[in-house]
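Read through the structures below before going on.
Both complexes below contain chain A, partnered by chain B and then by chain C.
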Partner chain A sequence: MMVVNMDIKKGRIQSLFQYNKSKIAPLLGLVLLVVFFAITSKGKLLEASSIENIYNQGFPLLITSLAFVYVMATGNLDFSIGANVGFCATIACYVAFFNTKLAFPAALLTGALVGLINSLMYVFLKIPSFIACLCMMFILTAANQTLTGGGSKMVPVELLQNDYSIVRLVLLLIYIIIIVIIFHKTKVGKQLEALGISVEASIQTGVNAKLLFIVSYVVTGVAAGLAGYLMLLRVGAASPTLGSSLTIDSIIALVLGGMSILGGASSSMICAVTGSLITTVLNSGIVLAGMGGDAQQLIKGALFIIVVSISTLRESSSKNF
Partner chain B sequence: MKKLISIILIIMMILGAVACNSTKSNESKEEVKETEKKTDSDTDGEEVKETEKKTDSDTDGEEVERKPFKIGFSVWGTSDSHGRYVSQAASWVEELGGEVIVDVAQGFTIDAQVASIENLIQSGADIVSFCAYSGEAVIPKISELAEKNEVYFVMWDTTVSDPAIQEMVDSNPYFVGTTNEGQFEAGYETVEYLAEQGATDFVIIKYAIGVAICDERVDGASKAIDDLGLNLTYVIEVPEDTKKAVEDTLVNYPEVNAVVAVGGTAMYVTPSIQAIESVGRKGEVLTSGFDFSDTMGAELEAGDLSLVLGGHVVTTHFANLMALSAYWGDPINPDKEQLMIPYLTVTSPEDIDNFNKYVVGDVPPYTPEEMLDSISSDKTFDDFQKIAMEYSIEDVISRRGE
Partner chain C sequence: MDKTPIIEVKDISKRFGNTQALKKVSMRVHSGEVMGLIGENGSGKSTLGSIISGNLKADEGSMLLHGEKYAPQNSFVASENGVAMIVQEQGTIETITVGANIFAGREGKFVKGGILNRRQLNIEALSLLEKIGVHDIRPEELTNNLSFEDRKLVEVARAFHREPDLFIVDETTTALPQKGREILYSLIKKIKEMGKAVIFITHDIDELIMVCDKVTILKDGSYVTELQKSEMDPSLIKSLMVGREISDEYYRSDSDYDDSKEYSPALIAKNLSTDRLKNVSLEIRNGEILGLVGLSDCGMHELGKALIGYYKDLKGSVAKANGVKITNTNVAIKEKIAYVSKDRDSESLLLSASIKNNINLPYLDSLSKFGFYITQSSENKHASFWSKKLDVKCSHISQPVLELSGGNKQKVVLAKWLGNESEIFILDCPTRGIDVGVKESIYHMLVDLKNQGKAILMISEELAEIIGMSDRILTMKDGELTHEFLRDPDLEESDIIKYMI
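Let's look at the complex of A and B:
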């Protein structure tokens, strides 16, 4: 009888581990990365100022990748998010010259509007989502280029002189709480995941697919607006290239964090957090450890492979090739 | 098992790369000692201290403490030859008893460059040295970071065209100055040279992002075209596919017989040469570029490329020297003026061989004594400017006594 109980317990632990493997493995990769850089930087990585640095550099990626979970869960991608960040920053910059208080809502509204247009093109015009988003990316890049005159536009001096770190932290926390609760504690998250598994089956079970696709793109749009506004405060200028790398970085962060690019049941907010941290710690740690110059890219690439290898250990049992 | 082996191999590769880095820095430190020992005997008993804290007596008898330093150097990349050369030149000052950390920023964006500077400051840099390649709007933020962290900053290959930004950096006690080349004149001379070779109808390829130095080159080239009564047929802005853009232009404007790229020889001139060939106009359309590339020797030899202005690698070297003098408390450029650096004009493969041998070869073109002498207390900014403007391959050869 006792042996049977032990077997059951063992089985439960195994299945729990199996279930969380996709989330635990990337966390393990992150921990190893932190330990590696803590040693090679002689402890600098763990200093308060370094942690603040990582936070300052990592928050735009965290914002966009958290929102990206909504779109990627459905099996879609938003290729316009990076361009949208830059565009929202430019709009906020222009509005700030009239009224600094209106800059933030302007950025959010602009981002949401772009997200809405993306979703409408996909849902009603039946344009494949990646084509619609790619086209939007080109449009936003061109618009941004025109608005900034091809160069860059400084924010009003009063925005540059004030320290917005508390405002940023508060906004970020509110954003994280809302986005996580909606995804994990309401039926929205489950329905988005269901769409990623099978759109037809989800519709059969009564899921309003059109509405959910619209919601997912509007969420990424709002996130782009938030990231754009906060990045504007951080760098003090709008430019055509601001935030442009965030599209690819968000996808990489999610994949590194253990989420499948096809969406579905592997979608989780923890993937965005882990992936964003891995990317930011890697970029920052490599300099703190003094690994500059020609070796930098080599080391970065190699470390990425290690982290991905650890993160994908979960798949080894199912893929025997 | 395979995965495990691959991870172990990668870890070994990383450790190897890290070890190479530290070996290199150890080697360079040993070289410094060697050089200093040499200097001891060369200067007929004049003492150059081997300790880390060196001093230099100025004309008033005050001592300048040459404390050890760490320079954080931010660059867009080291895979292109200009990025590689300026990074190499930036490290020449290591021979003066310090360290230069090169950080390759992740992309040409403002946010990437700000992050790069933050990381360098965080790594303990006393000085940050950068080019505002993501646009001059990045400068106020970096200025703020430098002041907040009490770190000196110097800009190379950079012109500040916005008076508000200039005022902002001038009021920063940690701002050292800028180095730059005569961009307008360079643009002008390029067109003059091509006109002498028979060019009449020009296409200019320019950056679209607000990089002031490129705008100045375009202004110079445009002025020369006006002055010489030539035609500026078309301006291409940051083509994603340069080859296609030039092909289209040549097909639509068959009268074009010169393509001037005001930046990135490798990025813009090489694809332009391919485009000229693909539309069957090889030998009819002249090309020129800025910044040296790895392929320019072969292109010059084949007659596909007429001239390149570049080799201004010392721009980072003189910027670092300027910053070091400020860090050591005896600034060579107290008024934060712009230091002008000459371009090298390359029109033949022999010029490139000499450049590779004497400027970016194994031995830096300036000895530690020459470096220290150029910023010594008895030198003025004008003297320093004169030394910088004397930079040429011939100058290096003559100083080496060859």
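Let's look at the complex of A and C:
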């Protein structure tokens, strides 16, 4: 009897590993990256100040990439998320001059509205989501440029008097808990994943595809609002380029984290966490290790390739070329 | 016969995760031979075909082609060596034209100075299609626009064009209408006469006996025996495959329409019209199996989908007995209607998702605590209960469905709908591509459901199954219902065919 139990247990662990390889390999990549930079920076990477720095630089990416999982799970992408972050920050900045308390809800609402418009273009006008979001990105970038007058727009001083780091930590934790639970513990996440595998089969099994596509884009919109507001508080000013790199960074983070760009069964929140950590550690590590200067981009590119190849080892056996 | 076989397979073994798909299987096929390969779902016959055709690699064992060592890297290398296979499920590239599909990987002969001569390619494709007896498919057509059946014929043309020495046909006939089957049979004959060999994988024992010279029987991945043509007997083959006696009569035991029972209506459709359906009205009743039969393109498959509110441009109405109008698939599933599509892999299943997620998908609301929170244990409990109940052969409920065999996939589909407490079942070709063992269990299940008072519509192209299982039979032709039969032991296939053609 014992032996049988052991066998079942062993089988379970085996299948656990087998079906989660795509998530375990990137974690391994992250560990290797941390070890590598811990050594090359002579331990500086693990000092408290560096870790705080990584947190400060990495939180916007964590916010956007977690939400990005919702969209990418269905096989779509949100190309407007970075521009949306900047736009929400600028709107929050303007609103703060009237009432500092309204700045935060205004950012969330703006973001959500942008996401809603994206999804309506996709779901009802049948514009490919890729095009819809790309156009939205141009519109938001232009709007942001105009509103900020092409330079920085300082926030009112009263907005900065809040105890920033505590507010940020609390908001971040609440956000992570909610977004993870909805994705992994409610039907929303499971149905988004189903849509990414097969829209046809999902519809025939009772998934409300339109509604879920809308939900996914509203989630990235709200996340853009949150990231925009927190970045605004941190930087103290809105600017035309604030957050603009977050679109590409989110996509890269998720792919590094082991998620398929086509969505579906590989979708998981852990991909966003691992991926945004890899990206941020890589960025800070290069600086701390004193690498680069002019060659910094080159080193970054090379390291990316190494990390990706470690985290994609899982597939090499099944590919025929 | 002591001449060198075209293909010799020696002690081939293959594992998928925890499942041993093949255990030391050996087989020889000689020139001019049609070798049948038969076994239950999951017996490893498709796996063996895939290994010979280079789509999979064996873990152990060796193969000899014309007496020389043969270990293809992929299907392209295999076809260069004269081995071609037509697969059970979709094997065409959908977004390119028919002509491009036929010559995929061999466009080279139409290229001059780096430019592809599309006209020439299409001309040759057309003559090839004509040659095999297909007259209504245009090479310029996008493969996407073809029906599932026609896409299969395109695959046949592609495989035949290469004039392979060894031609592997994997359950292709289950996807083909009668006309397509005949095309394939005559091709097989031609190949045989040319002194080449065919491996014919099928579930249909009658077809096997008609087409094959020899048959190799597999069970649970192991070689059982090889039979010569003279030894082939349907009940012997069945019992060798399953490992126990199976009665010839695996349909329902009762043979008359029971008019003492009150059949209350479950789903009522009135005047349904689309571009394929003409003013169809019907009633599915509780405690009754309603059979719907016709030719593949008569509109019966569309009717199945129309009943779950799938078509937005549907005229007419579908309503449940409680008055709820079925306007879209969401409503249908909330109203406990189950729909099993003919195209199992792309419409009824999330192939890359786990067995668990497939079974749970329609039932997520009921698994939620406080209206939204789904625990891992409730998911596991529901999925493993239903996969055990239907005896899905798998290593774990986290296993992706795409690793399962056809019959086990269908069991997952049925587990999903039974788990969702469905009351009305619309089953489009529920036994397509499924072997006798699982078929029998599906028929038993249908009778159980009927006895529990559930309403069942079974759409099928197989007359024997329709006659064997239905209380009432509707025939369909050109989008219209043409006749209704009641269950009757004297009903002959020919009586029904009259109303289909």
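Convention: the second predicted complex is superposed on the first by the 302 of 321 C-alpha atoms of A that agree within 3 Å, B and C clash if a C-alpha of one lies under 4 Å from a C-alpha of the other, contacts with A are read in each partner's own complex, and residues count from 1 in each chain.
Here is the rule we go by: a contact is a pair of C-beta atoms (placed from the backbone, for glycine too) under 8 Å apart; a residue touches a chain by one contact, two chains touch by 3 or more.
Note that this is a predicted model, so its numbers are computed, not measured.
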item	value
Joint occupancy of chain A by chain B and chain C, clash or fit	fit
More chain A residues in contact [chain B versus chain C]	B
Partner chain in contact with A:207 - chain B first, chain C second, else both or neither	second
Partner chain(s) touched by A:197 [first = chain B, second = chain C, both, neither]	second
Spatial angle chain C-chain A-chain B, Cα centroids [nearest 10 degrees]	140
Chain B versus chain C as contact partner of A:185, first or second or both or neither	second
First, second, both or neither for A:264, with chain B first and chain C second	second
Lowest inter-chain C-alpha distance for chain C and chain B in the superposed arrangement, angstrom	17
Complex contacts: residues of chain A adjacent to chain B	40-41, 44, 49-50, 53, 56-57, 60, 145, 148-154, 160, 231, 234-245, 283-284, 287-288, 290-299, 302-303, 305-306, 309-310, 313, 316
Partner chain C, residues of chain A touching it in the complex	11-12, 14-16, 18-19, 181, 185-187, 190-191, 193-194, 197-198, 200-208, 264-265, 320
Residue numbers on chain C that touch chain A, as the complex places them	17-18, 73-74, 308, 310, 329-330, 332-334, 339, 341, 346-354, 357, 360-362, 364-365, 368, 372-375, 395-396, 398-400, 416
Chain A-touching residues of chain B, taken from the complex the two chains share	3, 6-7, 10-11, 13-14, 17-18, 20-21, 73, 78, 87, 101-104, 106-112, 114-116, 118-120, 122-124, 134-138, 140-141, 144, 162, 164-165, 208-210, 237
